[in-house]
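First the structure, in the form of structure tokens, and then the observations on it.
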Amino acid sequence: MSGLGIGLIGTGYMGKCHALAWNGVASTFGDVARPRLVSLAEVDAETATRKAAELGFAKSTGNWRDLLDDPDIDVISVTTPNAFHAEMAVAALEAGKHVWCEKPMAPALVDAERMAAAARRAGKVAVMGYNYIQNPVIRHIRTLIQEGAIGAVNHVRVEMDEDFMADPQALFYWKSEASSGYGALDDFAVHPLSLLSVLFGHPKSVIADMAKPYAERPTAAGGARKVENHDLASVLMRLEGGVSAVLMANRSAWGRKSRIALQIYGSKGAILFDQERMNEFELYQASGRSTEQGFARVLTAPAHKPYDRFIPAPGHGLGFNDLKIIECRELIGAIQGESAHVIDFQQGLRIEQSVHAMARSFVERRWIDV
Amino acid sequence: MSGLGIGLIGTGYMGKCHALAWNGVASTFGDVARPRLVSLAEVDAETATRKAAELGFAKSTGNWRDLLDDPDIDVISVTTPNAFHAEMAVAALEAGKHVWCEKPMAPALVDAERMAAAARRAGKVAVMGYNYIQNPVIRHIRTLIQEGAIGAVNHVRVEMDEDFMADPQALFYWKSEASSGYGALDDFAVHPLSLLSVLFGHPKSVIADMAKPYAERPTAAGGARKVENHDLASVLMRLEGGVSAVLMANRSAWGRKSRIALQIYGSKGAILFDQERMNEFELYQASGRSTEQGFARVLTAPAHKPYDRFIPAPGHGLGFNDLKIIECRELIGAIQGESAHVIDFQQGLRIEQSVHAMARSFVERRWIDV
Amino acid sequence: MSGLGIGLIGTGYMGKCHALAWNGVASTFGDVARPRLVSLAEVDAETATRKAAELGFAKSTGNWRDLLDDPDIDVISVTTPNAFHAEMAVAALEAGKHVWCEKPMAPALVDAERMAAAARRAGKVAVMGYNYIQNPVIRHIRTLIQEGAIGAVNHVRVEMDEDFMADPQALFYWKSEASSGYGALDDFAVHPLSLLSVLFGHPKSVIADMAKPYAERPTAAGGARKVENHDLASVLMRLEGGVSAVLMANRSAWGRKSRIALQIYGSKGAILFDQERMNEFELYQASGRSTEQGFARVLTAPAHKPYDRFIPAPGHGLGFNDLKIIECRELIGAIQGESAHVIDFQQGLRIEQSVHAMARSFVERRWIDV
Amino acid sequence: MSGLGIGLIGTGYMGKCHALAWNGVASTFGDVARPRLVSLAEVDAETATRKAAELGFAKSTGNWRDLLDDPDIDVISVTTPNAFHAEMAVAALEAGKHVWCEKPMAPALVDAERMAAAARRAGKVAVMGYNYIQNPVIRHIRTLIQEGAIGAVNHVRVEMDEDFMADPQALFYWKSEASSGYGALDDFAVHPLSLLSVLFGHPKSVIADMAKPYAERPTAAGGARKVENHDLASVLMRLEGGVSAVLMANRSAWGRKSRIALQIYGSKGAILFDQERMNEFELYQASGRSTEQGFARVLTAPAHKPYDRFIPAPGHGLGFNDLKIIECRELIGAIQGESAHVIDFQQGLRIEQSVHAMARSFVERRWIDV
């Protein structure tokens, strides 16, 4: 059985991450044919050649459209800046390729809608790169909730915080431009929304506050430039079924590096998780004698599937890149017609819709139904 | 020098806590005259007699008004259920006594206003029992913020969670009645508001969501009764100076016992605190080499005043009751004309105003200016 | 019912702690007669007068022997430096007083033996101030072990670390003199030994290593002086029943403030505790589904007796001084003929014997039976 | 440039881990030629064929000696049970191959010596699979120590605990046989010794206690069989330079999954680490104002090399398998003549010598010089 032919557009942060996943998925899982790394596209031929050697691709090109015509390619990874996702993903789908596109879909809602429509039309697998849902911990939390381990969920809080925009002395760059989006909301909050969507479903109504920790930032020329979007967003939400939720996102949160902190409260217990300690979660169950009740810190183990495909011993720990390998395996499964744990373009569109509703609720200072 | 004469109304949870503070304050601080525990009032004379023996009061009475006329009494502690605060505090002030009243002021805003007016008229010291502001950690956080240790604060999150209402099978009781108040908002959220007020000032505008985890609760008779207020409240806020803040309160939060979790983000760092681990805080400062930057967990020590009055060695830990002893010392200081770290009736009223504004914002589904 | 008459010798760190306990025990527990603070002895009459006023004692004296003759005094608290314990405790016992003596007994084993003999002869209550055993957490751990919650215990590790000797630039002082004792072993390790003794019994055989982090320390005169004892001690032990244990003590451990960390491993689970977070413990029980097994962090609550005598709500936290109040209540119980949870002079002597055996095992570089 | 030709013996736990590393090293680091996965040996040809397909090897064999003669193979990974290491590693070296052998070297010291001698003779690169030393955290701790960030180190504690032998009801298996080794000491303690060796050097003198939590274990036949080695070992040590250290190992430690906990105390600070949270460490530095001093929890980031080769953002986390990729890169570096951070067979032999000295100190109940 010959493996899928892979094309990769972009080799930066997430491009390399995709490449590592395509490299490692067969050895890790042992149940899929080894993908063939056919060709890679970069901004110019020289960069492409160098990166193809590094990342193990057989061919390379300075023109991403070359991948569309390559009959050896079955799947195209789109890992370029957000502004390019729509054009590339739509073209790939129209060329009959499956698409694995990094999140978010696109800065403009209309482009996201275009992507979702193209996926529907093409009948190809079109998956968004929401890797955090692939954490065995998140999958297990979903199982626990479904089993009723904490009873009926009635309240959720989720926080996503990093500090890459926290330094007020850092030079103004494109992430502070209005054209790049709302700020924390789409840069970031899409990740917690992806978690909420697999655990509880999508928001029904929202009201957001957004804020600028720094009104302006210095420029290279020595002056200062007005910040055009918001590093901070806080949102009150009602989810499907009426569950009250709060979402907080802050990309200027000093000290936070990769925080995605979940608090889930139910009628029989509670669950806590933080992506900064991605190999553990905490579970409180209101049963037994009160004198021994507490949050149990559980370390991931082979029994938390598919941790077992990586390591046969408990507590040894997966890494961030391993989540992409799991996502890759799910994508292959989807292509093979298996039921897969992924966020496809239709689900991805719903996340974008939530983000835009939040932004509107801030502008109009009122609750908005999504 | 003879110490202040003390009258105590109520000997339950907080009444005993006041008694312990009046007992211990002189020995602990060593710089004030030993208070004289003059008389104690309870619901009936027999209970009063028994409690006076237990708590070290010289006299007792089944009629709290007896304390008003007692010339030996300088200060009256009011620790009865919230519905009685206004009547007792106003009467005590009008009788020329200083008043130490447990929080919150009163279920109805008009009663809180009456208390604040009485305090202004009487010219006596009138202090609310917001003990958490007395934690040496909170005092030190205030100092750190004032010193600019984390730069200009731009975002605050505060969560207050306990689980005493978390069991859906627990029988309906008065805390779920509308007459007892809004639920989490006034039962609870006044504590985080007290912290915000000493650290950053009062909210300027708010919008709240409130929720009922359980629509009804069982009754002793075997049926069920509709829950009339909200165990859950989440609030978006803007503080003085425009700082964005989120306040979350949940008295049905399984696993949480005494959580008051603060996250304070500034332009140069961040501070974390949780009352469940009341003897420590975490400080992140964005200075020095990045490879060693992290949240430093600092244990309280004699240098965090007035910890030194309790224990001369670091890390040994204060307890919940010790906060009341500090509050007691501050109250005595206020009576002696010193500058004191307390929330008086005027500040207390502002907290109540915030709570009522939050409740209104929920009903009207819009932002409300406080 | 008239309360016990109390005499106090010493008003430093632990003297004040005793005074606070005598002040607070009746109000806290509500089931014992209020102790009468009769008289207090200090190094001179003036200090004694001042301290008596501060701490609420009726009389004072510059000569501790005055307390022996005072017929109003039933119990004498001995809180002076270790070198004075034997003389004072023996005299007090011989004068017919009950004695509450701070730990350890005395630098020389012969003095500790003298104290134990005097207690036996006098037939009075003679209790050592091992306060950490009074923590409701420790009491609950004992219950858990007795109930078999973690099966048969097979391994124990205990660490006691502080950093008050960690600074190599701090001036040489008496704690580094040979005459003050072995160093970490008796200054310190007696505390973990007190915990082991109530949880598992005393060591049967031991071998210790001891070390000097700093060979010399600066003197005020500008030179340096050789350090004469050991800030560091590590001990392999076998407890009663053959359980293997490791005890580690370090008073030069930067960053540690009041660490007494216990790890207890059994055939069905494990228990963790650290005095720096004295209001919680962690329990792992190997039962149920493996995917939810983890160390549960349990916060103390009213159900962990006698926490309920201090606070009726869970997770609010006791402090270091509260442990002394519990100890005081146990002492009163012992005097009243109740079964009490204390370490008396006979048990205290066994702790001293262990310490001296450890020191000998270091000198002789071999295992020593205690 | 053509990459190294790789042969792999064994495809179990660590065999797969090696395969993942050989697969991923070039894409991850981008600075070495892509290894060629030439051939793989398993216990029979059929298994070998299946595993070669899974793990991406071009050829396979049921006879590991076939790899010795294969001119395409430059390096052989030895990942079979410990008893086979010596024979295979020596044969590979004698066949002119570089060797990457899993730890420990061999149950018998004489075999380890044979391996070290063969490596010296062959002049080939011979590296032990001590992966934990490759953690960027460990590397950074080494840098911190070398820079004097915590001053002169004077005390070290290291604990290695897992619970795979903790269940007394689990059936007796070969790990409890004397022929498999001493138990925790060689199964396990070699890992902490590898860390000590790169951070501080090797032990100079040791005394160990060893214990059997369970004297016997059930057999499949329904009876019980005596346990022949020790699941528990505790060791007092002096390291090079006189530093006092304690090593504790327990493979019956309920609740511990992959604990390797380091405590390092110096004259200016302290460092903490636990492999169960492998992406963070804690640093205490005794500088600045005491009121802000605490253990800073530092998350790994690109600045902690070579984390940057995996992920360009901080706090996202490496996994256990990533450590093997780093080790693989170091191995390739060693083959290329670069200075490499590895434990070669000579250093590995010193670790084995320490283990055997510890075992002897237990039997002879005395300190042993290594």
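Things worth noting here:
Here the chain labels run A, B, C and D in written order, and each chain numbers its own residues starting at 1.
Operating definition for what follows: contacts are C-beta pairs under 8 Å (C-beta built on N, C-alpha and C of every residue); 3 or more make two chains touch, one makes a residue touch a chain.
It should be emphasised that the depicted structure is a prediction, and the values quoted were computed from it without experimental measurement.
Counting C-beta pairs in contact, the pair that comes out ahead of the other among B-D and A-D is A-D.
In this assembly, the chain whose C-alpha centre lies farthest from subunit A is C. Subunit A and subunit D have CA centres that are 34 Å apart. Taking each chain's centre as the average of its CA atoms, subunit C and subunit D sit 41 Å apart. Remark: subunit B and subunit D have CA centroids separated by 53 Å (rounded to whole angstrom).
The set of subunit B residues that touch two or more partner chains comprises 256, 293-295, 299, 301.
The touching residues of subunit A, when paired with subunit B in their complex, are 150-151, 154-155, 157, 159, 163, 166-168, 207, 209, 211, 213-214, 232, 234, 236, 238, 242, 244, 246, 248, 250, 252-256, 265-270, 284, 286, 293-295, 365-367. Interface of subunit B with subunit C (complex): residues 13, 16-17, 19-20, 23-24, 26-28, 30, 34, 53-56, 162, 164, 256-259, 276-279, 299, 301, 310-322.
Within the complex, the subunit A residues that touch subunit C are 140, 144, 149, 280, 282-283, 285, 290-299, 301, 303-304.
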